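One chain, subunit A, appears in both complexes that follow, with subunit B as partner in the first and subunit C in the second.
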Partner chain A sequence: MSDRNSIESRLLQEWESRAGSAMNGRLHDSRAEAIKRFRDAGIPALRSEAWKYTPIRRILDRMPTLDIDPEGINTDGLDLGASTIEGLDAYRVVLVDGRFQADLSDVTGLPKGARILDLRESSSDEDVVRHLDGTGTEARDAFAELNSAFVQDGVAILVDAGVIVPRPILIQQIVTAQKPSLVQPRLLGVFGRNSQARLVEVCSTAGQAEVLTNAFSEFHTATGAVIDHVRLIDEHAGAVHINNLRSYQEGGSNFSTNVITVSAGTVRNQSYFLPDGEHCETHLSGFYLAQDGAHIDNHTLVDHAKPECYSNELFKGILENKSVGVFNGKVLVRQDAQKINAYQSNKSVVLDDTSRMYSKPELEIYADDVRCSHGATTGELDKDALFYLQARGIRQDAARLMLLEAFASDVLDRIKEEPVRAHVDQLIRSRLSRN
Partner chain B sequence: MLEITNLHASIEDEEKEILKGINLRVGAGEVHAIMGPNGSGKSTLASILAGRDGYEITQGSINFEGDDLLEMDPDERAREGLFLAFQYPVELPGVNMSTFLRHAVNSVREHRGQDELSAVDFLKLMKEKAGLVHLDPSLKSRAVNEGFSGGEKKRSEIFQLAMLEPKLAVLDETDSGLDIDALRIVSDGVNQLRSPERSFVVITHYQRLLDYITPDFVHVLVDGRIVKSGGKDLALKLEELGYDWIKEDAVVA
Partner chain C sequence: MSTTGTEYLNEVAASDYEWGFVTDIEADTVPKGLSEDVIRLISSKKAEPEWLLDWRLKSYAHFEKMLAEKGFPTWAHLDYPEVDFQNVSYYSAPNSKPKYESLDEVDPKLLDTFERLGIPISEQKMLAGVAVDVVMDSVSVATTFKDELAKQGVIFCSFGEAVEKHPDLVRKYMGSVVPNTDNLFAALNSAVFTDGSFAYIPKGVRCPMELSTYFRINAAGTGQFERTLIVAEDDSYVSYLEGCTAPRRDENQLHAAVVEIVAKRGAEVKYSTVQNWYPGDAEGKGGVYNFVTKRGICEGDDSKISWTQLETGSAITWKYPSVILKGDRSVGEFYSVAFTKGKQQADTGTKMIHLGKDTSSTIISKGISAGNSQNAYRGLVKINPKASGARNFSQCDSMLLGDRCGAHTFPYLEIAHPNAKVEHEATTSKVGEDQIFYCKQRGISEQDAIKLIVNGFCKEILAKLPMEFAVEAQKLLAIELEGSVG
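Up next is the complex of A and B:
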């Protein structure tokens, strides 16, 4: 084990010092198991294959000593503007440094049978506690365990069977910490049979301090439920964001997620999908814009354990100026999972030779009657296309923008909420045209 | 309008000279056909006129409406009124045809000191010009050239020409790959766009196109040089005798 001052040792000490105090009985046990698994797993070593291009140990070692439990959240004068989406009529939840802010949130008008809860206040809620102990063993991961070991803050969204949530739920997550800190928000979504909900998460930072966000989102989608999720991550250069997503689906459910990452710092999106029943539909997509030294890593696993399911994965991104992109997408089709349709595609445009894209599609198939495909391309901007536009009088910078927006359009078209799409379009356009 | 003087050019980073001293003068309203066998430098000439990267001009000059064309970026040339109809139009998935054209038309209009077209006027203009080459108006919601047939792509080039109203249009083998119906439609479109202020340089391998677009002058390009110039009868003679007699002539001369 590493030295006494490493972030691991400090986390373990911190956990011990808190054990038994703030935690209630039932959660205490699952937290104790989680910290044990975290201790056993440890923060991935430099030789870890899964973290090969995102050397997280080195990244964390370089960070200053983090405040593990940032106190004194001050929301006076907090500007929510950057994470607000114009024209989006939504239920609104605000998390500041991972903590639910009841006074800044507005969830009035929720239909009967739908609840949005402050996790901190819900540690004795039976539905919440029952679902907080991330189940998928395939998806064990040191950072998810770490989040579970300290789980305290965040939001739970519980939708009963048959309930249609009429408006999208906007979750604004802002990290305001003024000194180096660790923030560990938890998002729990439990969606009953035939329910429907749309979730939009916007993650941003308000300060300039170096912060590590270790987020963990779990979604349990029951038979016949239809869930649509978008997560936009836009943080400053000093932010490191590890984003674990677990999606458990019962048969006949439909789960879509789209992770849009435009951060200037380091981001690791780690999304695991377990369609655990027949006739599941899983749509997973993502877009990354890495500029000026940003490092964006998308790691996905679709674990097809049951037959007759469909999954469709599309990740695209643009990189420029000393940036790094990573895509590692694995599709696993287990032996009994016949009649699976699974598609995967990753396409990147690298705008200059100071940036790098590492793309690793993996297809592991043990069933014999399946339809699967994958493809990955990385290239520069098409010079012939650029010339064609210029030959029609369009200035080079405008032509370049037009082609990059066209490149991104099919993955952004998967965003179903029009105001969110417009917001993301505008954000990407302004980032691409700032030079 | 256009004056090319002793133009020598090679492909960047290659020794081999492709154009070996081209001289050509195109006056306002004139239609010049440039014919020549494969590899004679026809498409290189078109590319250099439009400003494509990858060529090195080793000698000579190109003057367009009193300005040094070689000093201008490709988009600047287009805004100044030069149009290239591509031999192989590029497919642009995700780039919507009407967004693209509106941007192009307004770039050119702005350069000419004209106001931007309103959405309504633009659509009206699109509909009118698409009609010139019998293009389906539904193309406005499609991606540029994506999934277009060969004939549609060429018709789309002439449609764009009509939209941008250039002073000089260079048609690079616009006839290649077209069946006779498409060839007629494309030629009709071009003929309707002829005017005393607008010049054309029509680059073609075959005389067939010139049955429909009657040139004022025909030039024969062989091995990077214009070896013969004449009227439209020259094209007919080429059709009958092929390029060999010219090549022999050129050697003798």
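Up next is the complex of A and C:
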């Protein structure tokens, strides 16, 4: 950090120059604390264990002139097509370059007790005050702090107790920046007791400029609530996307998330789950398709702090043409968190010898009456299966596609919204059959 | 689990180290501290040639550099104070004549120590047909069966003797598998190693007996720095056994060993370890720090290196026996049982580096934790871009005996070849209540049931040990479990 030109010092300087202006009073204190924590943590060093296979410092050094949180976004003639999902009847929220766009969003018809707000306008809302930046002090991360330090707006989804949101909420995050930029979308979801909601996030890029997206999503799921979350990341090759997700669950809640990454750039998904009560269910899954130099890193931590919980983790991916896949999953069972059932699995198919897969599935267990397992496999397509299909008159490329789609279907089957499922299926099929 | 079971497990966790006694032998100990002078002193005491002293000094320079630049390594899942390298004595030799013609000349007290450990050299010579290169602290004091081995051209002697009689071989292979820059402890060992074993199996020779050393730490505050080098020429075979026990001490004893294995074309080396250093008392006081660098290279095609270990001792274990699979169709194996209790901490596992074509490796690791102990598996499977047809299977199972211990798994899988097949699976659970219930129904006491189940859990590993070791290992595990219970 002593280096004046380092990315940290540039960010710190930028923060200083903005202090006082453009800042909401209530958020000011928490932002000041966040920047302090960011300064203490620093951008992870190259040798840092958590970033072992994703040399983020080197990646950021290649982006020396980032425009931090660009102002003056022009949404005229913006094509939302790329991040729209055909046939999905949903409430729509649009974020452009990390900023909430009320005029492009459409949340009419929300049931009473459910609100979707601009974080800027709702920063004095009780729920927002209580929960924003409220999760996972254990999982503090320099990038989440960075997001908190610069937070100006974002989306707050607040669902009161007992409210069932009938349609999915589609959150479209588009980066339009025409010059190298750092954009920091923020999402807060607070779900009351026995509420239900389904969220679909689609992240895409419209321009070709180098962008660093530093997203931070927080979810608070109260007892009995059932939340389903899907995040699709599909960005261009120059994009670097760091995505922090923190999920806090009260006892008896059910939270599912599915992260589908098909980006051509660099993506780091960091997901942290804290089922902080008995009888929680946590389902986390992900699929990554890394092609043509893409680098996709999925990093998860399930922190079982309380007994009698269930978690199930499944990450699968396909790698080809100079791509890198990373999976680092950790299941932590704390002392006295008995009767935990935790499963974790990571499977990858590497299609050629220019791609790499790094898998690090970890278990850290401090309680004895638990059932925890993890598995990881990496291999090529099964030649016998390919032969079987070809012997039945299916052309090799079709057979290959069929097998890869079957491989992916374990994860994709977990997507509950049919139009989303169809959209992702189509996307993956077109990417795979492109060659 | 019923109270009796819990009590039993508590007793197991708290049970004393049975073999912690001190042999009162005058030891020729160099004052504490580490410096170039100490290294020169060690070297001159051992009447070493100039090249070895140079190598030691270079290693020491690396050690100093690493310590200054990177500091003490803290990445392992271990919690202990940093070792004060200046508070360790780096040389200790039993004060007897350096060499013996026969066992009669050996200090009877020394022999008695081995008797009490249940390793009667004379008996073992007769019964087991095992040549024992006994290492008492740092100098080899007895080597048996050497003549018989010599007939076949097998060289099996202390490291010191090898330096003297086979300098070419030592110079050629020492540091070729574990360079003196490899890690802090390997550098330390390279600088101050006092003795160890050397085995050389000539081309086409199947070593007629299992080679065996027993390591034992003695003399208060003495670090022990063993160095083992095994070279197996083309189409040879050797099975090497290493077993350790150490007497009770209050200070933490530092043990930083280096083991290097070279397997040429078609050669097979089997290395088995039973490790039972003093683990410290119930509060975790004392106990051995066991920082070992073990690595083998399958240099030639169709070669094979197999590590089997039973780890029950040491306060801190930091040990990753590895295999570099360089030759085509070479095979690496790692079978391990690690048992921790009391306040023991273990971070152990393996590295399988696949470089050649059609190489395969198998990793089976069983961890059992009791009391307040922490037991971690850390393993790397690396498939290089040119290692086509590589195959790996890893299985890491952990068993928890008690609710205050921890079992952790940190596997690293780095795959860079599309047709590699790598599988890893791990489970963590406690002893099944239904299994205990089943045994109890058939009149087996809860304690015996736990023993039975744990033994069954480890069976596939223990079965890999050579016969006499397997018996000892099972006994050791039973004693460890038994603790003060009858």
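Basically, the second predicted complex is superposed on the first by the 429 of 435 C-alpha atoms of A that agree within 3 Å, B and C clash if a C-alpha of one lies under 4 Å from a C-alpha of the other, contacts with A are read in each partner's own complex, and residues count from 1 in each chain.
Operating definition for what follows: a contact is a pair of C-beta atoms (placed from the backbone, for glycine too) under 8 Å apart; a residue touches a chain by one contact, two chains touch by 3 or more.
Just so you know, these numbers come straight off a predicted model, no measurement behind them.
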item	value
Simultaneous placement of subunit C and subunit B on subunit A, clash or fit	fit
Most subunit A residues touched (candidates subunit B, subunit C)	C
Which of subunit B and subunit C A:Asp76 touches, first, second, both or neither	neither
Subunit B, subunit C and vertex subunit A (Cα centres) - angle in steps of 10°	70
Touched partner set for A:Asp103, first subunit B, second subunit C, both or neither	neither
Subunit B versus subunit C as contact partner of A:Tyr366, first or second or both or neither	second
Subunit B versus subunit C as contact partner of A:Asp384, first or second or both or neither	first
First (subunit B), second (subunit C), both or neither touched by A:Glu126	neither
Minimum C-alpha separation between subunit B and subunit C after superposing on chain A, in Å	13
On subunit A, positions contacted by subunit B and by subunit C	none
Subunit A residues within the subunit B interface of the complex	382-385, 387-396, 398-399, 402-403, 405-410
List of subunit C residues in touch with subunit A within their complex	75, 77, 385, 388, 398, 400-430
Contacting residues of subunit A [partner subunit C, same complex]	49, 335-336, 338, 348, 350-380
Residues on subunit B engaged by subunit A in the complex (per definition of touch)	50-53, 73-75, 77-79, 83-84, 86, 89-90, 92-95, 99-101, 103-104, 107-108, 111, 143, 160, 164
